[in-house]
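There are two complexes below, and they share chain A, which is joined by chain B in the first and by chain C in the second.
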Partner chain A sequence: MKTKMFVFAMALFTVIALHIGQSFAQNFPTYHQLGPAKATLWRPASGTSNIGIVIMHRTSNFLNLAACREMSNRGFVVLCINTRFDNNESQVIFEQTALDVKAGVLFLRQNQSGLTPGITRVLLWGYSGGGPAMSFYQAVAESGVGFCQDPHKLVKCDSTGSTSLVGLPPADGIVFVDAHPGVATIGTLRSLDPSITNENNPDKGVNKKLDPYDPKNGFNPNGVSTYSDKFKQAYFEGQSARLNRLIDQALQIQEAIAAGKYPYTDDGPFVIGRSTSAKLFTLDTSILHSTVRPQALLKNDGSIDNTHIVESVRLPVPTNAETNDTFDDGGKLLTVKSFLSTNAIFSTNSIDGIDYCSSNDSTPCNVQQISVPILFNAMGAYYFIRDNEIHYDLAKSQDKEFIVIAGLVHGITPCNECPGGPYNNSQKNFYDHVASWINKPGRF
Partner chain B sequence: MLSKNSQRLILTMLIALFVIPVWNSVSEADCTWTTTPLSPGVATADGTTNQTNLRLQNVNSAILRKPNTPCATNPNAGTIGIFIMHSFSSYTGFTACTELAKRGYVTLCADSVFTNRQQEYKGYEDHAQGIRRGIDYLRSVVGVQKALIFGHSMGAPMMTFYQNVAENTAATACQGPEKIIACDATNLSNLPKADGVMLFDAHLGDALATFTYVDPAVKKDTKPGIRNAALDMFDPSNGYPGDTAAGSPTFKSATYDDKFKRRFLDGQVNRNADLLQDAQNIWSDIQAEKPELYPDNMPFIVPGADGAARLWQADTSLVNCTKNQQIFLTHTGTQNPSPGPICSVRIPSASAAGDDSFDSVEKVNVRVWLGAHALRTNGRYDQTKDDITGIDYDSSATSTVSMVKGIGKHPNGSNVTTPLLIVANGGHYFLRPDEIVYENANSTTDKTFAIEEGAVHGGGPCTQCAQALGLPQDYFGDTNQRTYDFMDQWLSKPGRFLP
Partner chain C sequence: MKGLFSILIILAFTQVLGPTPSFGQSSPTFLQLGQAKGALYKPDSGPAPRIGIIVMHREANYMNNIACTEFSKRGFMVLCMNSRFENNESVVAWELIPLDVAQGVNYLKNTQHLNRIILYGNSGGGVTMSFYQAVAGNGPSVCQGSRKLVECSSSGSNSLAGSTPADGIILSDGHPGNPILRQRSINPSLIRSQDLDRVRLNPKLNPFDPNNGYSTTASSTYSDKFKQQYFVEQAEQMNRLIDLASDRLQQINDGKDIYTDDAPFDIPGFDNARLLSLDLTVRHTTVQPEKLLKNDGTIVTQIIESIAPPRPELAQLNSTFSQGARGGLTVRSFLSSNAIRATNSMDENQIDLCSSNNSMPCMLQQVKAPLLAAANQASFQNLIQEVEINYLYSNSKDKDFIVVEGATTGVTPCTNCALPASAYSNVTLCCIIEEILGINDRFSQ
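Presenting the complex of A and B:
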């Protein structure tokens, strides 16, 4: 009896001690300055990891992105970076974002903080606009600056001075999370209102035949819009034509600067009205709606279905009509440099006629240089499913996977209003799936 | 029954269960802290979204630093929380965040929603919700009893604006007829007052900054390269030494004669007045719904107006000294007061190349110009060795000098007033400006002004200043330590925030 009580007491002690140990092992990050960038370092609550993940976006605040905590909770060291262009699109010289990725990769590899010994593999996490940024870094790291100095690029990267991209250390793998094809493609080209003909006064000379918010053209202010094939083709070609005109204008200013025939010696203002709120596929959800082949769908119950074409369950956003006319939300106030570097790409059709390699800010061009293992994740309640299928098809890597996560919106949260739900488990499924992909024996 | 030995063992283990964690905490080095990043929204895989303890809305990002244990040397410091934010620069890693945490205080350092977007806010009303959230958050942190706001550089006018509105309402603080444009009071109701205000090398405000940067040599806004030589502060014939040595200890001060100075300052007044008139005309046209304009706003691009042509930055004989004796934190100890007025040891900081660059352009919209960059004069505008005169500070709600007047007018919580601390850096150019702020803080009955010897704007020692004076580089010593020790003493003075 005494022995039994003693054993019971010991067991109780052990259970309570373990519980207290767990609650005290909560993982708080540390804060680090990485030159002009800044970062939070998240370590697993217990144990050590030989795999580090660098998470970064061109401009967004990722210091406390859910993935930082979620992936460290799954046993990885995670470094979440805000770049030198944190919170400001108009300042972005896209090529320079690679310098902040480099700082992050070296920070982990070299254990610069003294907090992460033993890291042997560093992966990149390209979420949303982090997709083009991380793919650009890895492409240059694997192929050298010749890739980003190709004469065909609108902007060439630097190979001398403090912004040189020579000698970037390649990462060991990439996880793309609802990566978009590039700001130039999604943020500018596909967002431009093609009905604008006068850049100085968007109200004058509007081509009504290309007005996305005219009900005569198919706009429905209360739900899904339906545009004719003829309208769509003219619209997408019109978006390309407008961006090509803007590029010509910017290149002329750049030439004038170089020739000393411009008021400033370095850069100039570049204002684009009605350039953020005319994505036709946010109004007509039949556009960019699905994959073209059967692809993997991670369902809410945790199973994976490979047998069907995957369709987006996203809802339309007709309220964009209200912002299109405004200066504050409907326009972009850029500079010539930031426009050409980050927002410009040549095309003949904004959906399927894009000259991907004319810009460095272009995931579909960059992935063609990448040979390390890649996981492409697209969110099932958003509009990057087809783009990520293209990225997957173009990726050079022999170890690549593409999966769509059912019912999650771009913010990696469930779409409660979308059809086909519920999607309440999809978020956890997603992080678990990524962890499982990384941990697959032999991969890293 | 268990044997006595077994009972003792179990008792010991049970005690250990509760003692070990406490012992672990105490065993950690004093004044270490836990870092917690906060975001406007947080989503986690367990379905919990927007956990309130990790959420700070109306900012871009934030870092909470909370002492792990009470500081042995400063055990009550953890009852004071300090919210630190700048109007447009990233401050999550600012020196004060760690230096004050190191001394036992809870710091919450945020990047405002306008971080790296200096040219997008129309006034500090656009920051008020972020500051409010910061104060509320600090007051929710276990153990924190007092929440202060801390503004460095252009964070200072923003914090004084906030506190003035919180204490006196928007109608009184920023909507009077003296203002060029009334502040937008949409989000300014019932703001919680901070318990104290700390200003560190305070700027006089966005509008004053622009006013004193506007380059009168620019003849035409569309052709900024064509300059009026008679008004060009970067023309060597007017006294500018050229950029060659810029940024080094050998960079010499410009030597402008009185005639040029007068011409330049008059030119600056005139161009500012013209710009104000242009902006007001466009704004009136927008209000009149003229169809050729956007219905909400219009671009307002002003060359030579940001970091462009500030006379005192080139000529270190201007706006360089205090008028009076002040508390002086020197490398040999604190002088209270200094034997005489205190002068900056700064080196010049102007740049002709910068003025020529596109970076010098204010790329704003007309509403932003009126709210955040326009200022009137009210007499003869002048810059002398120890003064700036002729500025109508009250014409802009971004003016530190104007906003500080309302701080501490009424009782604040259990305190009879709002304590105010101002520390200026002796290797920079805000000594007299901050003295003006101090002099205008005429409502608070608890105000302190001190100057840190030989510190640059960020707070570190000015090694170049020392070299320029023929002194050893480390002559000024550890300026950060002296500054934050002084702030610590001010914060922990019994009866101010602590019992």
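Presenting the complex of A and C:
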């Protein structure tokens, strides 16, 4: 009996040891200061990799993002970065985020830490708002600063001085993970409450006909709202009209500052009430509900079905009604500069009438410049499925793939309450699929 | 005592420059500590550390501060942290800051099993650490009461009850607190409208008018009468802002505001009109003879003068949004981390020191642990007397105060003082060694 137990224990130990020996991320990453940006370096616990991945968002803390560990567990060197605008939306000059990506690319390519010898390929990982940041970097790196200095842009990038974007080293590929179209589009344009007519006092002069939280217009505080086509059309056009008014207002303040006719000499506060929690598609899930063509769906059992139109299984969020009235979560505390650079885009309709290239913070504009291999992943329990299909269609790259991951929410965790589950394997399936895509012979 | 001190310095120099030094970790380990972040620096060689040092500020990035490597080089384990309010003054809820320090203390105690924990507060980190220690040693009652503009919690997820006190505090150019600094920095010649979006000028109190004593190229010279009026009006302006913010908060709480939780509170000319940085006669020396740690490592005791050069460029900064209005605040962040009541901005006896929890002279009265207060002679905000006053308010029986010759607030040699930077080439070494002496002397057993 004891012998059998010993043999079993040894066999189990061997299996575990072999598994561990394959590739486990170090327990704790190392910290590195990259100029004004911060970074954590995650290396596989064993083995070496010639592929490095740079992960970054515009403002969020990604130093400890799950993808850092998951991808280093799968054998890659991963550099997770927080930009110079860490934790502060009001400071963001979007064009400068590219400087922090550049620092990360060079950190890996040049083995600046001495810890990552042999890296020959660097990929960018654009998750959520990291999507527009990474696509912007790569677009400028491939096409030059002429791209971000187009006269059509609301804000142009620099080509001289310490914030010049001349000579960015291109990455070798991009993985987009539930990337959104840009904070200007998703965070502002599609989030604005179009019933607001008085920016100084959002409570005055409210246009009740466009109130998304009025049951008479279709709001359901207990479930899925249902708005008429007429309401939706007016709503989306109203969102565009409000943002266009705000852009005019910001440009006027900018002129007043330049003319010395403003209380401040450099910039000014730009506060927008009722501006982040009026996304109609979080209330009425029939909006931006599916792909327009059959697309690949990575199912919970690991198989891929590419024969159907893919529908989002997300749930509505009627509690946004309360959030809309708050300052912290329902409003935006910006400056004139950060508004114009990161939060503004021209449009006539917030869903399908967007002048994508009027902002540099725009994934659908940026991917048109990108020719390296791209993998677009959209989460099946969120609302970026259709946007990513658009990104995929617009991307210049010849080597591109689009896939929806079944039942994952935006945080890359399973939606337990969503229909069609369970989705308990989807998270692992997702990271495995990305690793497999990267490791495809001949790609990198 | 003086002789012993000299011997200790020589020993410390020997330790640092000897044949088997510890080397600071070139690649520190990253730790996510709740909502705070940490970089853990260990000596690369030498014996396992028994003493841990926590370095943190209110919102600045201290994960690669000079103290992290300098202390770890000298054999200590150093946890350099950024709070949840990193890089964002407008979101600071000051009364939550101790929760992040507690994360660090608990990590070093419970995970690294260190015997002694020292808190190191540079600049605004000083009041951060003194607030933590005051609450940890005395309980949340320290930060509660009707006198407080904002009270801390003693229940729920934001409760400050039950924190573990540290074993000592090092203040490195630790200022009196953000609210006292702001009170001394507000431009009192700007008369702000009720909604703060318009200003008109009272020329009699304009600090940037040569007729009042302002110099664009050298130290300004204001009359005593001007200064007196200026300091009184600064306090009155602050009191008016407090009333304005309190009324707005009441309106929010009563459900009568357009927002349900908080609101923007942008103040034109709120910062950079600080006479201490313009007129070098204002608080430019220690109030009594104090120890000066000189560049050659010796210590002399004397009245010590600040060597910080004047900053006439504040005239431009005061009118900006990014600097002059500190990039924008909210009603809550103003009241919690930028406001204090007073009748004269420069007289501690006329400042209600404990009306804010972000107040070093208030908190140090509650701290019993050993305290080393180091002021930097070339502090850009002319802080030497401010740090000395903090020290004098401390109730610790084991306390020490010293000024580091030629050092800036960032603990680097002054590069724009009367003497060249080479005259202060040992600043880092001296300053840190002095601090080490404080530690080793008291906590080695």
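One rule holds for everything that comes next: the second predicted complex is superposed on the first by the 417 of 444 C-alpha atoms of A that agree within 3 Å, B and C clash if a C-alpha of one lies under 4 Å from a C-alpha of the other, contacts with A are read in each partner's own complex, and residues count from 1 in each chain.
Following the convention adopted for this analysis, a contact is a pair of C-beta atoms (placed from the backbone, for glycine too) under 8 Å apart; a residue touches a chain by one contact, two chains touch by 3 or more.
All of these numbers come straight from a predicted model, not from anything done at the bench.
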item: Simultaneous placement of chain C and chain B on chain A, clash or fit; value: clash
item: Partner chain(s) touched by A:86 [first = chain B, second = chain C, both, neither]; value: both
item: Partner chain(s) touched by A:163 [first = chain B, second = chain C, both, neither]; value: neither
item: Chain B versus chain C as contact partner of A:411, first or second or both or neither; value: first
item: Partner chain in contact with A:265 - chain B first, chain C second, else both or neither; value: both
item: When both partners are placed on the shared chain, which of chain B and chain C touches more of chain A; value: B
item: Partner chain(s) touched by A:431 [first = chain B, second = chain C, both, neither]; value: first
item: First (chain B), second (chain C), both or neither touched by A:233; value: neither
item: First (chain B), second (chain C), both or neither touched by A:46; value: neither
item: Touching partner for A:115 - first (chain B), second (chain C), both, neither; value: second
item: Contact residues common to both interfaces of chain A (with chain B and with chain C); value: 28-31, 33, 38, 40, 61, 63-64, 85-88, 90-91, 201, 203, 263-269, 271, 273, 325-328, 333, 335
item: Interface residues, chain A side, partner chain B - complex; value: 2, 5-6, 9, 13, 16-17, 20, 24, 28-31, 33, 38, 40, 61, 63-66, 68-70, 82, 85-88, 90-91, 201, 203, 263-269, 271, 273, 325-328, 333, 335, 411-413, 424, 427-428, 430-431
item: Residues on chain C engaged by chain A in the complex (per definition of touch); value: 27-32, 37, 39-40, 61, 63-64, 85-88, 90-91, 197-199, 258-264, 266, 268, 316, 319-322, 324-325, 327-328, 330
item: Residue ranges of chain B touching chain A (in the complex, touch as defined); value: 1-3, 6, 10, 13-14, 17, 20-21, 24, 34-39, 42-47, 49, 54, 60-61, 63, 90, 92-93, 111, 113-117, 222-225, 291-292, 294-299, 301, 303, 356-359, 361, 363, 365
item: Complex contact set, residues of chain A against chain C; value: 28-33, 38, 40-41, 61, 63-64, 85-88, 90-91, 113, 115, 201-203, 263-269, 271, 273, 322, 325-328, 330-331, 333, 335
